[in-house]
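This is the structure I have questions about; it appears just below.
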Amino acid sequence: MLAYDFMNQAQPQGKTMMLDKGLGLNAVDDLLATAGDYISFAKFGWGTAATMNRDLIAAKTAKYDAAGIMPYPGGTLLEVAAMNGHYDQFLVETKALGFKGVEVSDGSTQMGATTRDELISKAREAGFFVISEVGKKNPELDHELTVDERLDLINSDLNHGAHYVILEAREAGKNIGIYDANGNIIDDELDALAANGTDQLIFEAPLKNQQVALILKYGTQVNLGNIAYDEVTSVETLRRGLRADTVGKV
Amino acid sequence: MLAYDFMNQAQPQGKTMMLDKGLGLNAVDDLLATAGDYISFAKFGWGTAATMNRDLIAAKTAKYDAAGIMPYPGGTLLEVAAMNGHYDQFLVETKALGFKGVEVSDGSTQMGATTRDELISKAREAGFFVISEVGKKNPELDHELTVDERLDLINSDLNHGAHYVILEAREAGKNIGIYDANGNIIDDELDALAANGTDQLIFEAPLKNQQVALILKYGTQVNLGNIAYDEVTSVETLRRGLRADTVGKV
Amino acid sequence: MLAYDFMNQAQPQGKTMMLDKGLGLNAVDDLLATAGDYISFAKFGWGTAATMNRDLIAAKTAKYDAAGIMPYPGGTLLEVAAMNGHYDQFLVETKALGFKGVEVSDGSTQMGATTRDELISKAREAGFFVISEVGKKNPELDHELTVDERLDLINSDLNHGAHYVILEAREAGKNIGIYDANGNIIDDELDALAANGTDQLIFEAPLKNQQVALILKYGTQVNLGNIAYDEVTSVETLRRGLRADTVGKV
């Protein structure tokens, strides 16, 4: 039973994707005990999974899976594998390590539309839950992407079988995608991208002001991503109206 | 015995209030082993305590209590409870969970002076150590509070039985209370608030430059709050003159 | 065996010095399991070692040592000991606690050239691996140091037996040494300091943009320091071209 149970309303249902950039098992245990119920996806950021022993990664994916959280490796790792002609091997290893999902992105590499669609389809066929990502890691390249191009990518990815589409903001959340150089939301851009609804969008929102703004705009159902492991509890309090920024507003 | 015992002088006696925003038990064990002797209060930030299981919260309060640290739930949780007419239930649950103190604030809600005084008195009567907090979480509302109004609140809270009064700075420490938009101290404001002494004041000071400035101004006896769990040791080195910023100055 | 072993090239050989500012044993265990292979030096930042029990420090140094990582206490601690006439006692205690190295600096205190040379020589004679540091913790004092003076110190330290020389940037990495107020590299200064090669230099580089710039400029062999404990894995992915900033560039 939750502490202060009489104060809690029904649990908000928006998805939270947590960024695991290399947690050890003690930290994962702490995370699951404190906030495991509030995490839907655990992304092993970029290529971090490839710097650790297989046994350790398998132990982590097993812990997440047992807690009802879907672990998946970062899109950059998939991109590098695909770029080097190792995509089939990547999918085999990803499954062997206990990951249930993959992220298909082109944030770190150049990739034609056909390739992107094929990567998504192949991952689906291999039995993976597929999340795609729209946006470039390099701010200059990212700024070249128009809103219309982003919308086309979102729609195309969903049509090719992606379950969710992430809007890129990296770990830092500034000068990229829907955020300006100070990390504040560019409203016109956000509104355009969300024109067809937000149910299948995951907004990367590493900064608190971003989390607050998106919850106040779209409600507690909004899906948030790239949440640092030690901010998951804070995000949950924002969704529940238990932190000043959202008290009495959700 | 402390390492390098021959270098250590008597331990500084200023209080340190640490912000626990959702630590798991492994992290709490690490914290107590490394810096438990340097923490007086462990605040379970804002409403975080209400997102976790009762058993977990009780295990944490027991660990803090056994280490001589007073655990207490964040003021926002108390405010939400009071706002919804659950204050009595809140005090019962807070005691049942093993908390020894409460924080009475109006940072997240509007509250008349009478209500504030009653909340403090009731908590005292229920056997709690009471810390109050002065300041608004929303910067615009906070800026409306004059120095005189803050001083009146401090005096009134102490008269109604608060043991300490916290000067609000939130987790981020910028554009609020005695800090400007860059997190630097506004000297006139600080001097006015400290005119009657600082023994019963706890300055929220999450940023290192704030900790340094307050220690250099008031000495190692100054009470500091909202110290991140992984900064407690750093604060202790500042108090002891074992970090560059205070070497030879304390 | 590493996860995704087919994607990994030979391990980069540049040294990584990690800043331990007070980790507990659970966190050290996590660190060693996830990234122990990628750390060469564990610096117990500034005077943090002197705030903890001897048993705890000895347990930590033993863990690092067993993992092939050299633990050493921060330069500030050595400076304070020397300033107070406790240098011999400092070396005895440092050895007794299981540290294998020391850092000789004058970032927090004033020290004549002769003293500096003597401290280095004495530590060498006592069997320590010696790392020196060039730079002042106080930005104003640091700005007074010319490039030529820094180069002279580097050469003198190496001539007196230092194994490596660290270029100071503190924990924050801004407005100090080779970094401007925004934490960006001052190219002219860096080029001048690196004119005689970088094999024996360790660049403190706590910020990601600094790590990226140094890896892209000098290659994956570059020695990086003051890496936060939860950024070691990220730095390793940068060295391996597994994070966007270096994909296809290393």
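Should a chain be cited, it is by its letter among A, B and C, assigned in written order, with residues numbered from 1 in that chain.
Throughout what follows, a residue touches a chain if its C-beta (ideal position, glycine included) is under 8 Å from a C-beta of that chain, and two chains touch if they have at least 3 such contacts.
Computed from a prediction, not measured in an experiment: that's the story for all the values here.
J.: Work through the pairs of chains, note which ones touch, and then classify the graph as line, ring, star, complete or other.
T.: It is complete, because no pair of chains fails to touch.
J.: When the CA atoms of chain A are placed over those of chain B, what is the turn angle between 0 and 180 degrees, to the nearest 5?
T.: The best-fit rotation has an angle of 120 degrees.
J.: Using mean C-alpha positions as chain centres, tell me how far chain A is from chain C in Å, no decimals.
T.: 34
J.: Quick check on chain B: which residues sit in contact with 2+ other chains?
T.: In chain B, the residues touching two or more other chains are 26-27.
J.: Which stretch or stretches of chain C touch chain A in the complex?
T.: Counting only chain C, the residues touching chain A are 1-8, 26-27, 29-31, 33-35, 38, 208, 230, 232-234, 236-237, 240-245, 247-248.
J.: In the complex of these two chains, what residues of chain A are touching chain C?
T.: Touching chain C: residues 21-27, 45-54, 56-57, 76-77, 79-81, 83-84, 86, 89-90, 93, 97, 107-109, 137-138, 170, 172 of chain A.
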